[in-house]
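Chain nomenclature is as follows: A, B, C, D and E, assigned in order of appearance, with residue numbering initiated at 1 for each chain independently.
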Amino acid sequence: MSKLLELDQVTKTFQIGGLLDRATLQAVKGVSFDIDDAKAEIFTIVGESGSGKTTIAKMILGNEVPTTGTIRFEGRDVTTVRKRRDRLDFMKRVQPIFQNPFEAFNPLTPIDLFLFTTAKQFCGAKTRAEQESQADKALQHVGLSLAEIKGRYSHELSGGQLQRIAVARALIPEPKLIVADEPVSMVDASLRMSIVNLFQHLRDDLGVSIIYITHDLATAYYISDRVIIMHRGDVVEAGNAQEVLDNPKHEYSTALKNAVLPPDPERASAALRHRRAERQAERA
Amino acid sequence: MFKVLRDLLRYNREFLIGFILTASLVIYASLHFFSPYDNTAIYLLPPDMPPSPDYWLGTTSRGQDIFWQISAALWNTMTFGITVTVISRMLALTMGMISGYIGGRGDRVLMTINDTLIALPNLPILLLVYFVMREQMNWAILAVVTACLSWNYDARIIRSVALSLRQREFTRHAVYAGMSMPQVLVRQHMPYVMPIVFFTAMNNLIFAIGIEVTLAVLGFIDLNRPTIGGMINWANQHQAIVAGVWWWIAFPIIAIVLLFLGLFLLAISINEYIDPRSRLARMGG
Amino acid sequence: QDFIAGIPREEALIVQGPEKQNADWFNMWASGGGASHNGQQQLTADTFWFINPEGSGDSAWTNALATERPIYNDDFTQMTVKLREGVYWSDGVEFTAEDVVYTVETQMENPGMGWSAPFQVNVESVEATDDYTVVFNLKQPNSRFHTLFTVRWNAAWIMPKHVFEEVEDPASFAFNPPVSLSAYVLNNYDPNGQWTIWELRDDWERTSIGMTLDEEPDVKYVVYRTAGNPDARVIEQLNHNLDVINDIAPEGMFTIARDAADTTTQWLPGFPFAHPDPTLPAVILNTKIDELSDPRVRWALALMIDIRSVSMGSYRGAANISALAVPPTGAAIPDYFEPMQAWLEDFELDTGSRTIKPYDSTIAEQVATLVRPQWGDSLPEDEDALKRQFGFGWWKNDPEAAGELLESAGFTKQNNQWMTPDGEPFEINLLVEGDNIPTLARAGGIIAQNWSMQGIDAEVQVAGPVFGDRLDVGDFDAAIFWTIETWGGHPDLSFFLESYHSDFIRPIGESQPPRNLQRWENPELDEIIEANRTVGFDDPEVVELGMDFLKLAVEEMPMIPLMAYNKFAPFDTTYWTGYPSIDNPYSASGPFWSNLRYMIVQLDSTEQAD
Amino acid sequence: MLTTAEAEQRTGTVLEVKNLKAYYQMNYFGVQREVRAVDDITLSIKRNEVYGIAGESSSGKSSLIKTIAGAINPPLRVVDGSVKFDFDGNFVDVYGEPGSMNSARWRHLSYIMQGSMNVLNPVRRVKRSFEDFAFEHMGLSKAEFWPRVRQHLEKLGLNPNVLEAYPHQLSGGMRQRLTIALATVCEPEFIIADEPTTALDVLVQQDVLGLIKDVQERMGSSIIFVTHDMTVHAAIADRIGIVYAGRLVEEGPSIDIFRRPQHPYTAHLISSLPRLGDPKRRQALAGKPPNLADPPPACRFHPRCPLAIDKCKTDNPPLVARETGRVACWRAGEVEVS
Amino acid sequence: MNGFVKYLAERLFQLFLVIFLGVSLAFVITTLSPVDPVQVSLSQMTSFGAVDPRSVELMREALEELYGLQGTMLEQYFNFWRRVLTGDFGPSLSAFPTPVMTLIAAAVPWTLGLLGLSLAMTWILGNLLGALAGYFRNNTLLKLSGAAVMALHPVPAYITGLILLLLFGYAWPILPISGGAQMNLQQGFTLEYITSLIRHGLLPAMAMVLVGIGSWFISMRSLVSNIVTDDHVVYAELGGVKSRKIFSQYVARNALLPQVTGLALNLGHIFGGTVIIEFLFNYPGMGRLLIQGIYRGDYSLVLGVTTISIVAVAFAAFVLDLVYPLIDPRVRLG
């Protein structure tokens, strides 16, 4: 079975520090995983802040070059994709979704520009009409229509709509893989659901694989097929999402799971009290 | 476009004042096409006449009507200044945005060129170029050279904004939407740097006029073309200030101060109009 | 606080000076060292003779280090000079003929030193037959050899042998502090070259100038200082911080005359105030350019000029107009201008269709009429005096005749635009220097306007620093500059005339040696020059040859003489009086002239008068 | 510092918000807009109480809290209503006389802004910020002040060494915690916090919440805070107010809000929360969020409300008191939690 | 390689590249100048005297040899670099044979002293006023001074200087209008000399400040008005931080950072940008020297001054980049 995406012992080291005190920081330490070509899945990366999640996403997208190890997309090392034509080819198959829907669209340009250029560049839609039909088709997938958003600016739309449009845009080239880095962290509970539901729809109905990066274990549990848990650059646990989250093995994964507050006042405040007591004890 | 102008005029007092000032100066300057006297002709009128109903702004020691002289001078100086400004803004904009956007090695190369030009002392280079070109040197070439010497600092400012824009999510998004570099720069980044462009344009205009005057004072100027610098040069040759012919210097200066203020008001109010923040607020972002 | 630290204002004469970049350098004989006017040459250098550019006849000639005029042998191959006894260098060493011999020989051995070239060209050998006699043996006959040692502005100054023979390379020796051969000696200077202070020698009597004085000069210190642009100079004089200034615009002069009449004086008591230098600004026509090679065209250009407007435009009427190719000053007035009036009046010009008499001798009155409304009472009524101030006459403004001349030269007029015989529009670029010589730039503006009103495509070009170069290589159509300078105090024209010989003419593109920048070539001219070489300096025939030249220049019109180079050089009388003026022209009237020393020792302090 | 017993004794109302209306009134080049971000809100907060505000994105939560904090700048203007504090007899009428707020700031009232990771001056060391913000208000000598600050940081589990750092040298979580330390060092009676935990990972988030709770309990302060993360409300809020389109639509003890929501919007909000271990499909709210510049008439929720009846489209339901709280809905009580 | 060392190496390389390119460019332009120094010297020597054309020819040859102007441009170019590397710009052609270095050395203290100081003053005043005006938007006094600065801004330097000269040199003559210090005063650290320096420096300094203040003012004001809406400023206001402190430490300080860069890059104006002022007040600085050099075709001098100017500016930018992390803690090198 061929692989859609393969990460093979990928590490990334950054130079940090000021004028005189320099150091290196291993943001990602030998991460390996792969996603299958045949069966679309939602692959979730969770982990603490600064554990290297975004860095991995950037490396997959070709925005950062791994220090060691290789990342292959459909068998080709992504670092070798440099020429504009190749990049376009690559981007046709791999598309990102960004964290903040309000930031992802330039507030000063109409939203549809993003859709139309995507259609033009990746699907060879030359005329405005072709572009419009492509865009509309993609928008239908996310429950919107072009008529609703044509000529509008990002502030004229809600966060949920924007995030859906972002997804729709990513769908226009009919990619195999979508890399979504914290796509829901900035939005309210209801919007959050609408987006993760959409992901499920993409996977099930369109066969798009999704790398879903998040802090929110609840949604991770809710939609993912597989999950890896990261801690300080290392993958500490990996496997079927529900299995891992139901039954974490690694110390950190357990801590993470326990830190998730339940949506119920009594249990939540109890959990918090417990945590505080623990911390107090630690400090003492 | 027309609507924008109307809105600005109607709702922004600064724009209105700036517009009136600038427009009247432009009209005044274009009046020189209908001047009753030949602009380069001298001793047609009694010299050294103070402002009076006959000669509104007085006459020069060369027997020229200052009102009409300024009219032509303003036109030429404005043409020069605006040419410089437009060319140098275009240079600054492209270089700054490209440099900031591509980053890395390309940025370093461009900034090295930029720094080299910054390090060159303007005036001596201009004078030298002036000598080298000699007859071929006309105001248009002078404008180009001046422009080449005056875009670099502003390019740096634009670059720093471009550098931060490069990190914005929408830039990356645009790249993944398949936009090419020019598209990203023009469609995505330009609206953010335009205020800087307008703003620096003012200083640049002043700089250009200053260069023109400086060259004139040092005597490097085409005496046949009335300009503000040229008027100062002539006034200077006639020791106008010491001789008490103050109106020969004062009125051209007032004219450029007014021109500057007018353009400045226009720039800040247009800036307010196109500034991302206020624009967002207006649109309701 | 004293204006100058440590120096009482009332003992010092403050003179406008130049900016001297290499302030530590006092070697006037090295390349680039001489011809400066920071006072060293004016106050400490000395040589055989001086000619006062303002004087005429014998009164203009001064024997300085020499006791008498040059003594030539019959064929002008040897010149003997008798030197004064009892002249001492400021360091106490006596000046002798050995110094002279050393001066000449050293410079001949060191190419690049100031007078090296002329010595090499002329001098076969030089010897001191005794301490006070020098004999020059020349390579070829030269009746004007003595002019190398005759100061109008500058000349071969004598070097102190006892100082220079000690140093290895006289060309790279700074000569600091300088030893003086005249009445003043260096007191102090600014390392930035902005001022130099000279003080009266204790043994001032042991100098050529000191010997002629009856009493000690009042001026103890002479301060040469830079004082910025013309406006600043005017202000400094109004503030009594600058006694002698120069090169201000007419308007600046008028301001001083208006605001500070009580504390200033100048060459002329009233309008036009100016002092005419023996220099002749003219419209130089590049005779090697096809269109301008025809005298008819050059005459046409002259007749298109309205000289009154030029006078008004350049000097506000304060110009001293000249139709002759010699500056209307000093000896030229009695020797040339007055005698030649009749000839000028009768001069006839063939326009091709008729003959006209272009001379107009009423110009002085016409200009006076123009300026009388402003300066009325200060203008003389007397016609002679007027002529001396405003000029004897000029050419009538006669566009009609000019047109006829052009047509006869093959030009045609189409739509009010003159076309050359080749069918091109007749274009003239009139080159002016610009800021350093502003009055002439102003004149250029008017003349170009005169021409364009008559249908010539004329434009003024300001050349600035490249003015000299462009004149030199002939890169101009017409230019306003002087190619004629004279002694002023002597009718001999060899000062410039020698260089007009056709032997020296270079093609356009190559450097033309100074003076004949119009590259005027004429067999008759060569004859005059050659004749002049063989007559003695003081021979009356000199004046006749001079007149021949002037007539030829009128007929040929290689340059269109405009006027004397009038300079406005007001003096402040707050501390000093007794300045030279037209009524008492005992010395030149400007801070640059080397014979300014004769003025300085004559000045009276106002303090003592009280 | 108060003892726990004393702290618990503090009762009575600290904050009274009455009929507060705060609009963004804009007039740019002829485009006039009025965004009714806070539309007739009345609420009060007692001493020692933690009050959470929840609601959709852009429903006006930040605006409300800014208005309460007296931190409004044009174009946001208070159109009507009042905000009054009572700090142990120190009455402050925020929109009464101008400047009345100044004396209370930081000493009695502190504010943790949205995006508070970025509120520290990037070019000053952290300790300078403490000095600038707190030194003046605490009336201590330098010698007493720094130990107090260090002590405070330690109590909050922060290493006092961070005082020497520049903000950019610290992680986001660290900065967030520092801002909280900064906001509480003067032991104010009232703390206003806007999204204090957004963008933190769950572990850090828990710590920060613990911290806030610590401070609140130790000092007996009242807190009003905003977040769209319902689990945070569950963890620390005593009472919760639900804002929809600029209006308070429901308010009540947190237990009631979660277990027995009265308003359909609240009910939806609660039911859409995914739970770990429960993969049941959850629905998002249909329809578009209302445009506050042109809100729907009457009940603003009616276009999206599954229970909407005709009355909802014509009459605005008042916020009426129920047994435990208040709700503004014609069909309150008919709501069921799925 | 250690990141900092690498950065330093790269930055140094860039520094030398900038200097190399700049100086080469200046060399080319200068050598193309049609002003012929030999010609200038010759006309200076011959303009007032009787001259024999034969001797002029002779003199011309001698001078060309003396000035070392023979050889192709390329040879001269290499020669030039060889000399520059040893810190020697050769003899000045207009003040032959004084070395260019001596001339520059005489002018530099004045330039650095007065012109450097007034540049600093301009910068401080412009920024201070700009920052105040940007922060305290409603203060009438600041509004007025802002208007005054704005109105002065477009007035050409020459005019500003001339008006000052007339005001304080003539109408109310309290200040000297020419030169760098009182004439004939012993240079040294005496009260008298320093007072004299200050008195003489006052007018040109004032002129320069008035001329230069505008652009700093305008840019600072706009920087500040952007910064006041930044979170940390808003927060400090909410935190009841005293407004003086907010102004100085939260607003002005942050807005100043780009202006520091501006200052470093403006150093070049010391050499040449102030020509007009030096010209007017007859001040013995570098700008004057430069103009003289240009007028007289003194390549050596022009190149000397330009080279120093280029080196100074490039070096200032370099040093600034290195120390920038000290001013702005956010910046990391490498």
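Going forward, a residue touches a chain if its C-beta (ideal position, glycine included) is under 8 Å from a C-beta of that chain, and two chains touch if they have at least 3 such contacts.
Here the structure is a predicted model, which is why all the values come from computation and not from measurement.
Enquirer: Using mean Cα positions as chain centres, tell me which chain lies farthest from subunit A.
Expert: C
Enquirer: Which pair wins on C-beta contacts, B-C or B-E?
Expert: Pair with the higher count of C-beta contacts: B-E.
Enquirer: Report back the single chain whose CA centre is most distant from the CA centre of subunit D.
Expert: C
Enquirer: Compute the distance, rounded to whole Å, between the mean C-alpha positions of subunit B and subunit C.
Expert: Measuring from centre to centre gives 45 Å for this pair.
Enquirer: Averaged over CA atoms, how far is the centre of subunit B from the centre of subunit E? Could you give it in whole Å?
Expert: Computed value for the inter-centroid distance: 23 Å.
Enquirer: Taking each chain's centre as the mean of its CA atoms, how far is subunit C from subunit D in angstrom?
Expert: Roughly 91 Å, centre to centre.
Enquirer: Rounded to a whole Å, what is the gap between the Cα centroids of subunit A and subunit D?
Expert: Computed from C-alpha means, the inter-chain centre distance equals 29 Å.
Enquirer: Multi-chain contacts in subunit C: which residues touch at least two other chains?
Expert: 229, 231, 235, 464-466 - these are the residues of subunit C that touch more than one other chain.
Enquirer: Give the residues of subunit A that touch two or more other chains, as numbers and ranges in rising order.
Expert: In subunit A, no residue touches two or more other chains.
Enquirer: Hey, what residues on subunit D touch two or more of the other chains?
Expert: none
Enquirer: Okay, in this complex, where on subunit D does subunit E touch?
Expert: Contacts found on subunit D: 69, 71, 73, 102, 105-106, 110-111, 113, 115-116, 118-124, 128, 132-133, 136-137, 166, 168-169, 182.
Enquirer: In the complex of these two chains, what residues of subunit B are touching subunit A?
Expert: Residues in contact with subunit A: 168-170, 172-180, 183, 187-188, 191-192, 276, 279-280, 283-285.
Enquirer: Which residues of subunit C touch subunit B in the complex?
Expert: 229-231, 234-235, 248-252, 254-255, 309, 312-313, 316, 434-436, 438, 441-442, 445-446, 449, 459-462, 464-466
Enquirer: Can you name the residues of subunit A that touch subunit B in the complex?
Expert: So the residues of subunit A touching subunit B come out as 61, 63, 84, 88, 91, 95-96, 98-100, 103-109, 113-115, 117-118, 120-122, 153-156, 166, 169-170.
Enquirer: Could you pull out which subunit E residues touch subunit D in their complex?
Expert: Listed in rising order, the residues are 231-232, 234-236, 238-242, 245, 249-250, 253-254, 257, 327-330.
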